[in-house]
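What follows is a set of structures for review.
Two complexes are shown next, each including subunit A; its partner changes from subunit B in the first to subunit C in the second.
This part shows the complex of A and B:
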């Protein structure tokens, strides 16, 4: 009888260990799926983007066209941004070659002086155009850089979600801990809470509006609230098109200086 | 009604026409006010700037061709009140086949790797604007040009042909003083000195440009390709020194005593052969650029009225050193050829530059308040010329439309005839307000 008990205990322990491993596997798998759904939708994408930067009763606006090309699913990507507003940055173009294994490469073209300038870009946590989104929020942090744990299954605004906690494997400036609410149906992140070293919540990402575009579920209105600075940024995507047949040569100096007018109006 | 009024009316009509559905307009309105800090500056005004400027931009594009215009209207009250306008850009751009891009018309052109150091960029600069606080875009003066870019499997070849030589716009003595080796009426009767129109209008500086002839046109070439992640370029320029660095005798003045030769400044003929490299190692941006300036009017360095040939090179590195804080440093060395011949013929008592002129620069930019406040400083320092130039500014984006800027320019120099030393009386501060629409 004692033997049987020991056996049972061992079996239960084994099962628990197995379940734990499976949950870790699942959590990382969920975050990978979520990353691909959010950052790698289609093979490429074109969209008009409007940003509202809100601080107290003051609001600033940005308008730009964004092109994205995936070179490898979950891997290298290229981004092209053509600014329309405000007036002082109109016609300015900006290009990023993202490589998850290395620093991003960034270039800016200032048409008023016909100047192409590479930008030193080792700080992924600096703000994107003064908003509450960082460069890394725009292009994504690779899922393998954090350890993910499935905390619970829950419901967020009537959507079934996985609640996943992510902790950076190496010391990281961006956050000490992140809690993501990943939609079970679409794998899209519906909400993310960022915590600092003192485990104080400092930023909240919210998928404000999700729509199906060309058969792909897409977050078309997103927001980031900075609780420390009491600022909030809304990003509105419109005229989204996927799989437009974008090619690598669009993401070169030639097009940085001469915007591809079939996509950039 | 004058010409300007017609243009304004025309533009208004254009904006109102149904065509405006396809032509987009934007621009800015700007007030710039600046004053000198040195009361000994021999200029005739205490204002380095007192102007209201409106820039209108118009754009139209189809799938394969586009038009862009940038027109400035200025009311300038620093000296006599005057209205002025300039077509800063007015070009059409189109694609020939898959591999050729053409840009024709009045345009701003830039290439090369330096930060405010230009070796192979022989396109016109406007230092009159640069030194008084106008926006960075005004450092570049427009050129009338045809630019062809050919993209092929080896790389990208750019050819820029400017039918008429376009010189740099240099301080002319009205608001900014400068150094001249010439005395009154182009003689060399007086000691070389720093002059301005406050000491007599004869110092107003307006050197004659090369004749309007096909053989005097400018050609600039660049071949560019990427090698192992580095952007590498070869350059060639055929034209003239952009500053009037030479002189020629144009006559003789017999009054008041013995006959004295009369000189006129000239733009000596020049070829430049160069190369550059730029990449992103060590978490920053690194650049190297060099050039050989072949002074075609003085190949052996024995003509005292013409500049000697030189070999010049620079290295620079930029990186982000903290959040929203970026810094760079550059070092340039300029080696004058046939230096012995040059130094032997200099007038006594005048500072003679070293055989190798060194220049060190640094730019620091800090962004604050959600990137709405930009603090910037740029220092040029030459240990061999013993002179320096410091630019500083604070610019605040109050709203998306309104930007407030304050800044200044400081020149120091031990000698009156060095690149920055000659401007040592021109220290100034300015305030600027811009409304973008």
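This part shows the complex of A and C:
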């Protein structure tokens, strides 16, 4: 009897531990899926991007063409950005070689002085072109850098979602805690709340509009609100095309000065 | 009316005291609702253009009021140990509630623009992590010196001092935040001295120290006055009356102020201090009179009736003139001064009324036995009586000399007035030895300054600030302003453009200049935003739409005079070199606001003082029904104001806010003795019809009352001289000076003039038909 009890206890304990591990596994799995669905849709992609940077009643706009090539699913990526607006920076181009294992590499081409300049990529939390999105928001933070916990299953705007809490494994300036609402159907993040070290919510990401493009569910309008600064940025993706057969040679210095005209109009 | 009031108090003392007590309790219950406001910005109307533009500038460029923490190393702040300590101190400061973390300027938080590996442009924190070698420490210093945006601001040229700038959510947390910073530096500071400075801190700390000061000096003054009264009158029961009147007046005035929803500003916090002496003065006159008369009359009720009858008119007029002095403050354009003036005036009226009802009510309750003891101690001899006789003799025998001295004093004072320097600086409201003053001295000596003014360029359309012509203009204005020695540094968009350009071209010093192409400026600024530069850093200097730009003008001295000199220099440059078409240039910043309200205060106080001077003069002519007596009665007041302000001019004490406001008090108080003196002298002379006999009597009675007042008020406010806050010392000194000077002038010059011109002033009437004019003044008082 006594032995049986002990055995039962041990079994229960084991089950509990397994269940806990399974939930952690599931949460990380969900975040990985979400990351891939959001950042690595297709093998490559081309889009026209319009940005509206809003502060109070003032609005600034940016327009650019963006090219993306995935070298490895969930791994290295290359981005190319050609600015059209504001008009005084038109023809300015920008390129990122993203490497999850190491620092990203970035280059900028300044047409006014006809100069290509590598720029620092140490701080992934710096603002992307002055918007409320950081570089990391644009290119993604690898799921393995945080510990994820599935908090609950919930419904967000009539979509079934997983609510997942992510806490950085190492002390991190970007956030102390993040809560993601991941759509069960598409794995896309529908909402993300960022908390600072005082556990005050400081930023909210919202997938404002989700559409199917070339059979791939895509967030075509997204926003990031900075609660502290009371600013908000909307990013509108249009003319999205996936799997255009982009090649590595497009993402070199040569094309910074001379944009690939078949993609950049 | 006058008989009615006193009669009622004599017949129903308990009812009078009871009603007064109930009203007092009612007003006392308002005190918990007190709202305190120590922001000097509120010296300006809420919709005053300067103030509106300052707020606009702050919100347009996301600017916050800041305090500055100075670290002075021995011998250098750029050592591994010191920099790592500062690194950790900064990290802890970031945790303090109320600090705007993103905008802290410290080695670990500011960005440096520089050349990285492979010719890359790098924008990254100057000190990203703790360091290990002295080379790293010196490298950080060299980076600061190589950066026009940081040079002089973040570290002294010699590397001995480092400054951390801590922006705050609002000014009113600065005192608390500075205390928390002191705790952190005390724990982590090591072998260096730490200073905390900045206008918001001075202003906020002044507020908190002010109320501590109030809680100490008002009761201290009450206590000393009480002791002095006890020395004079030796009867506890008798001297309770003035104390009760003073306390009630203060509670009524402050209670009504709070009830009316006004905030208690630096000015209004002084209301009790101003009311106590005024309230006590009336009561001392009544007590003195009762004390002197009781001996002759020997009937309690009759003594009180007689005293009130004698004193009603002079008390009415002394109160009305003081009211005139303070109510004129309602004409100034400065809201807290207006509130102050109105409620002091209300308190004076209250004190006058309460003196008339409370003093008799309390006196009637005192037994005849006590009263007998009361006068037996006082009457007749005593040092005061001897001094008064000395004054009498002096003014009778040396009358011409006294007049000559007075003429000389007026002339010397006239010159002194022209020497007055108008200046103010909230930091200097603290004594030289106060930590805030020390911090101010040390930091402004080592660094680019703890005072920040802004010069805002408002363009007519978006992107106007990318125009090379505009940037070149801003740059030339920077060079002009920097010629002033108190300008520690100027920082603006041109500095950022030049720095980015310089680093873009691989630190080519030929490129450390503004480009002449608008597109290039636009792209350089875009590069700054793209390459890890915090756009919020950029937007402290330019609006996101590039239609306005902000030049930071950092000053080492917050004295209004010094700030005005910088503003004038800027303005004359603007006048001689008009800005590019469509660009407007305007000042903002706390130091600028301070010079603006000072300007308004000086002109406002001048007209308020002049108007009340005229009003008082007219009142005097009306009171005495005589132009010559009207002129004479203004002499103590005129000489006192001139002497005090000339003294201020000679010793070089700046004419600042407290000094300005005190002119009303001087005006209101220094006429009082003259009113009592002249009114009584004329009444006595009508009765005695003899100059010598009148002098004997007036120096015996009124003279003693005046000298008691001088002593009580002058000594009662001596505790204020030991305050750590300069305005309190000023107020205490003023009370002393007003009492002594106006007392002396009244007791020496007025009798001397009377003696000299007595034939015209006090005509001896044949047949002694004397009571006519005296009755007139009674009639006239009834009409009021």
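We take it that the second predicted complex is superposed on the first by the 256 of 265 C-alpha atoms of A that agree within 3 Å, B and C clash if a C-alpha of one lies under 4 Å from a C-alpha of the other, contacts with A are read in each partner's own complex, and residues count from 1 in each chain.
Here, a residue touches a chain if its C-beta (ideal position, glycine included) is under 8 Å from a C-beta of that chain, and two chains touch if they have at least 3 such contacts.
Bear in mind the structure is a predicted one, so any value in this text is a computation, not a measurement.
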Subunit B and subunit C placed together on subunit A: clash or fit? clash
Look at A:112 in the shared chain and tell me whether it touches subunit B only, subunit C only, both, or neither; answer first, second, both or neither.
both
Tell me the contact category for A:160 with respect to subunit B and subunit C: first, second, both or neither.
neither
Touching A:103 in the superposition: subunit B (first), subunit C (second), both, neither? first
Q.
Applying the document's definition of touch, where does A:126 land relative to subunit B and subunit C: first, second, both, or neither?
A. both
For A:86, decide between first (touching subunit B), second (touching subunit C), both and neither.
both
- Of the partners subunit B and subunit C, which touch A:185 in the superposed model: first, second, both, neither? neither
Problem set entry | First, second, both or neither for A:261, with subunit B first and subunit C second | first
| After lining up the shared chain so the two structures overlap, which partner does A:53 touch, if you call subunit B first and subunit C second: first, second, both or neither? | both
Of the stretches 278-286, 296-304, 332-340 or 350-358 listed for subunit B, the one clashing with subunit C is residues 278-286
Subunit A positions within both the subunit B interface and the subunit C interface are 53, 55, 58, 60, 86, 88, 112-113, 115, 118-123, 126-127, 129-130, 229
Per the touch rule, the subunit C residues reaching subunit A in their complex are 62, 102, 116, 118-124, 128, 463, 466, 504-505, 515, 517-520, 522-524, 526-527, 529-536, 543-545
In the complex, subunit B touches subunit A at residues 26-28, 57, 59, 61-64, 66, 70, 93, 101, 107-110, 136-137, 139-140, 149, 151, 156, 224, 278, 280, 283-285, 318-320, 323-324, 326, 370-372, 397, 399-401, 403, 434, 436-437
Interface with subunit B, subunit A side, in the complex: residues 53, 55, 58, 60-61, 85-88, 90-91, 103, 105, 112-115, 118-123, 125-127, 129-130, 229, 231, 253-254, 258, 261-262
Subunit C partner, complex, touching residues on subunit A are 53, 55, 58, 60, 86, 88-89, 92, 94, 106, 108, 110-113, 115, 117-123, 126-127, 129-130, 228-229
